[in-house]
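One chain, chain A, links the two complexes that follow: it is found with chain B in the first and with chain C in the second.
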Partner chain A sequence: MHKSIIWINLLIWYREAIFEKRYLNNYLNGENNMKKLLSIFAVAAFAFSANAGTLDDVKNRGFLKCGVTTGLAGFAAPDDSGEWAGLDADMCRAVAVAVFGDRSKVEFITTTGKSRFPTLASGEVDMLARNTTWTISRDVNLGFEFVGVNFYDGQGFMVPSALGVSSATELDGATVCIQTGTTTELNLADFFRLNGISYEALPIETNDEGKENLFAGRCDVYTTDASGLSSTRAAASNPNKWKVLPEIISKEPLGPLVRHGDHQWGDVVRWSLNAMIIAEELGVTSENVDAQMSSNVPEVLRLLGVEGNYGEMLELSNDWAYQIIKQIGNYSESYEANVGPDTPLEIARGLNALWTQGGILYAPPFR
Partner chain B sequence: MNEMNEVRKPPVATTGIIGWLRLNLFFNWTNSLITLFVIYCLYQFIPWILDWTIFSADFKYNYLGEQITNQEMCSRNLDPENGGACWAVIYVRFYQFIYGFYPKVEVWRVNVAYVMLALALLPLLYAKLPYRKYFLYFTYIFPVIAYFLLNGGLGFTEVSTNKWGGLLVTLVLGCTGIALAFPIGIMLALGRRSKLPVISMMCTLFIEFIRGVPLITLLFFGMVMLPLFLPEGIDMDGLVRVLVAVTLFQSAYMAEVIRGGLQAIPPGQYEAAKSLGMSYWRMNLLIILPQAIRISIPPIVNTSIGLFKDTTLVIIVGILDLLGIGRGTLADTNWLGLSYEIYFFVSLVFFIFTFGMSRYSLYLEKKLKTGINMGAD
Partner chain C sequence: MRSNIGFFSDEKFRSIFFQTLVVGLFALGLFFVISTTSYNLEKRNIATGWSFLNNPAGFDISFSPFLEFKSTDTHLKVYFVGVLNTLLVSVTGCIAATLLGFILGIVRLSSNWLLSRLVYIYVEFSRNVPLLLQIILWYSILIQLPRVKQSLQILDVFYISNRGLYSPRPIFESGFSYVLIAIVLALISSFLINRWAKKRQDTTGQQFPIFSSSIGLIFVIPLILFFILGSPMSFEHPEMKGFNFKGGLVIRPEFIAMFLALSIYTAAFISEIVRAGIMSVSKGQREASAAIGLKQTWIMRLIIIPQALRVIVPPLTSQYLNLTKNSSLGIAVGYADLVHGFGGISLNQTGQAIECMAIVMATYLSISLTISFFMNIYNRSIQFKEK
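Up next, the complex of A and B:
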């Protein structure tokens, strides 16, 4: 938007220059041109500094642009009717609902591991929900802001049930399928050294290769992120023949992120996620949300916009959180529908359970 | 005399089926051994592939007669003894494979565009078509019609390219890339051979730069760097950016192919044209290029096929082409683990298109007698 001003300015300046040249009229009288050039830079500086209000941009555009994966089981993948479904897709929809009150006002932009950051940085998407691990370099150096964690992942192990192993510490001497050149390789080496056991690595390149090698019995153990293990297991012709061990040996907090510097927009995304977690804490679900409007718990009333003006603070409508819960559901509902024990992925809540239930999912209070 | 007039039949062993077999399959003992080995391999392979793809495969219903809606219902997952491929995933996802996420109410526009594409290609491919001239007019305006049809405008509601996908994206990228790269490639090839140093240097630089980097790098350049060079008001579409990269890439290769053809034309042809008083453009258009392009048909088709397959690389910039939709399907928890079926289907579609292209080039070669026969006729 703002760059067009510069463009028009440049155009005017150029036309004037041509005009002057045609009449041989002090075209190279540097001072006059210099002033014009400076004025262009001044406009440019103003234009760039003014380029911040993502929330306004989204509202004006009429829909949210959300970056997701090109397809990852349970997190974001197109379903049979072409609708995006998954934990990350729900995150995008929740933000769209918060802003517009309509879960369909979102456009999913597919990004790969390589293209996700440039796409966000260039403003092509308003936010990323692309199972991205929150690390210091991404948060600080790349100029993004992680607004929370919607899935705590970590590196795990999968073995054939027939191996009769119940813990990763019993894997002494096992052949391990491992993707080369990744952090998983380092984590694995550290874990085995710490526990004083040995292993033999079978290097592989892709997830598919790891799956084929494990299923063919060329390695005893396959290690990668736990969510990846679950989808590998679900892809087996008989999932019960395979087992994911309880040990998780690395931290992979996955969460939505936005560009640095636009705190208002960061708040909208952060509290859309928090609203879903708080709703689970308070027992508000998409089914009982209407009944909860007349609840006697103050925090429920604040969350649903019956009391207080928290929506106004975020420059959203006051029923934004109500709409999220009504149209998307609380965190637990989204989890159970996409990755939970009833889905083919069968990922237990584990770390992703609420802090009151043995997990570490914890949202700041709604007040 | 009588004996001489009597026509004797050739020995049985050199004619008919037996003769052909002897000449081609059992000429000597190594030949016979190889033939037997290949027959054995085919005997092992063909029944198995036919059984897997057709006879034991599920198409829409599994062996219990239920309609398949997820991978657990596939016969081979219900009972590993009892099933081949599970084509239901293709059946259910067919729409996505062909149109991507194009809205269902508007999909007739894509269908019309597909039919029009066939009509536009017809006069180009088949020279004896009746009323070919009028068809050609249609071919020239087809890109404009297709743009408005697919993208919207002129009364059609807009469908952003982000909703395009599957075969639609593959064809748009492939056709536009090939069609635009051809004229650009010709200009670059002529430019590179030009005697004007600035033009020839610029063309050489361009070609060498583009050929020197992989397509993936160019795609990233188009996706990530191009917007930085453009003013923010001009919001260049993602697909257009990829198209620019693909076209640049293809035109550099096309230029080198055509330059090869140009270099095969003997200097006598240039001299003859010049001695008739032809200008540079007339000489190239009427004398040189027709011959050069004729002898470069095989490599032109070769690079075009290469490009058509290379379009699958757009997945890395987040555009879901045919292969991308296949991968997306594999990530749906309902269809996990059906990779054989999906990759088989995608490769089959690619094979149909590329095989068609290569057969057509053979037909052209035969028709135009592309062998080098300079001066002989």
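Up next, the complex of A and C:
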């Protein structure tokens, strides 16, 4: 007899001593039990596959799970008091406010460039607000849905000022620190190929690793989105020792994304972002939002839930947008507080200004 | 057998029943895992298949000592580069760990109190600290080396910086192949001499200086030939150009960190295995060999080690397997091994997680089974042959 069979038999003999023999025979051979077993498996399979209705899941859970970076100052990083702060963190909080009316109902889950997509696909997070570039392959092939753009970025290079380099085309033979699994990695290869110059890639996993290797001189150049470079430079002990080169070699529209196929949830995240942009357009801020409740501009009244039932359409409370503006602020407020010229990152609005002010930030009308 | 016993009490029936049940449950489980996965992949619109292997990778891998890699090469080539890098660090690591482990295992048994205590401390430290931390420790030390522009220079030809160790690269010119042929012939003939000398010693008791004759054949003759042919080899020296050294041979800190951490960690285990093996040989063997007047070194080499090997080799095999699998931690310091390149970057750029992981797992499985296969052959060859 095989060993494996011996212990199973032992188990059975033990049970025979407890149960009546005939009952056991029926139990193990019975047709009904096979059906029961199959149905258990079927339920298990269903449970694994059930992922529709993220909004209901979030509501039942009582808080939002939001995937963010492992720490990128200005976008998502714990502040002095340990609270997550930044443009992306605000995006997460805005969605939490829309659903629960409470900016603290978020669990921030850190993801690396590599782990972010599996984390979202597996349902471990409800959404990603993680400096993620909207590309066709991610939108289509990976099964995600980008719901908008909360920061228009482009890839740049940062070098030590002492290196005496003024343009990225002078970087022939340099060692470049690059985060793996990113679009920047592909852009980098394209850029050097296009310019017929060589480089040596030093693959890194997180922004912190990039910082460490660049500061130690293991690599000459660090390349990532220009905003990320500003953030890294701001974190250096002496920012003037570092220089961001003028070339911007790619389009990097960064935005929040959700799993493809759950349109209701996609709408909630999309309109949470749009509400912040529209609020800026309409001049509604966290300061004046209460006064604006009695505004005479129809769109302001619709946005704040005084008129219409847009909240109900989204299966949210009618004052969802009011709460976002009240608790988080409009897009401009979030931008200025986290990445704007008055912050260590010193990023001018540029492309991220409203379409009416020379930028390309544009939200569909609220009606 | 009593006639009123239900057929479930029949041992044969029950045995067949449970075996069928176990196999059935396993098959059912497998079926549900596969069907659920494919259902979910389809539902999330994730494309599956193997065609991505032939798509261009789009990214660069700089650490590829055996194959040249460009961003226009395919993901399949990323895979091969990864396999070669994994094998590189595993093979060199296994060799170094074995050498170090044997020496330390023997030293641990030495009667010199200080030496054996030092080895004891080393063993307890390195096998009780997680390997990942050791890898990161070595890497953090290595990147604190001087920057490339302030490289340490040794003997005017070696340069050490936090970009790695640069050394001259030998360039073989025509005529060098004769030297190689001479070395191969010397290896074969010293093997034959070794066999002949052993046979002669067995029959006549006369000894032959095998060691010095082999050294002469393998080193001296090819060296003389090398100079007769007019030294058909030159060196390409590394030169500082722009941002980096150009030319020469370079060993990257990522590789050094992996190599050091893996071999030092595994050597600690191997030294304990060696110690156990030596201690398993009964004291009487040593005393008997001493009684017939064998030298200490001979007792070790001829009596103790051959018997100890029977105990050493099986656990040694599993240490080799561990080292190979542990090399997948290279991802922590950006060592471009199989998991980092194909199982990481390719996976992430294509999104084909299941396919990539299946390939990576199958590869580790094949490497491990190959190591086991050869170690089992070796193990059989050193067992007692009872006649």
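Just so it is clear, the second predicted complex is superposed on the first by the 230 of 367 C-alpha atoms of A that agree within 3 Å, B and C clash if a C-alpha of one lies under 4 Å from a C-alpha of the other, contacts with A are read in each partner's own complex, and residues count from 1 in each chain.
As a convention for this text, a contact is a pair of C-beta atoms (placed from the backbone, for glycine too) under 8 Å apart; a residue touches a chain by one contact, two chains touch by 3 or more.
Because the structure is predicted, anything quoted here is derived from the model rather than measured.
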item	value
Contacts of A:Glu200 with chain B and chain C, given as first, second, both or neither	second
Greater chain A contact set [chain C / chain B]	C
Touching partner for A:Trp355 - first (chain B), second (chain C), both, neither	neither
Chain B versus chain C as contact partner of A:Ala235, first or second or both or neither	first
A:Leu186 touches, of chain B and chain C: first, second, both or neither?	second
Chain B versus chain C as contact partner of A:Pro118, first or second or both or neither	both
Those residues of chain A which chain B touches in one complex and chain C touches in the other	1-2, 4, 51, 114, 118
Contacting residues of chain A [partner chain B, same complex]	1-4, 6-7, 51, 69-74, 76-80, 82, 85, 107-112, 114-115, 118-119, 122, 124, 208, 231, 234-238, 338, 343-345
Parts of chain B lying in touch with chain A, wherever the complex brings them together	69, 71-72, 76-77, 80, 92-93, 95-96, 100-101, 160, 162, 220, 223-224, 227-228, 231-234, 238, 315-320, 324-325, 327-334, 336-337, 339
Chain A contact footprint on chain C (complex, rising order)	6, 8-9, 11, 14-15, 18-19, 22, 28, 32, 35-36, 39-40, 43-47, 58-62, 71-72, 143-144, 147-148, 162-163, 241-244, 246, 253, 331, 334, 336, 340, 344-345, 347-349, 351, 353
In the complex, chain A residues that touch chain C	1-2, 4-5, 8-9, 12, 21-22, 24-25, 28-29, 41, 44-45, 48-49, 51, 113-114, 117-118, 121, 137-138, 140-143, 163, 171-175, 180-181, 185-186, 188-190, 192-193, 199-205, 209, 212-213, 216-218, 220, 259-261
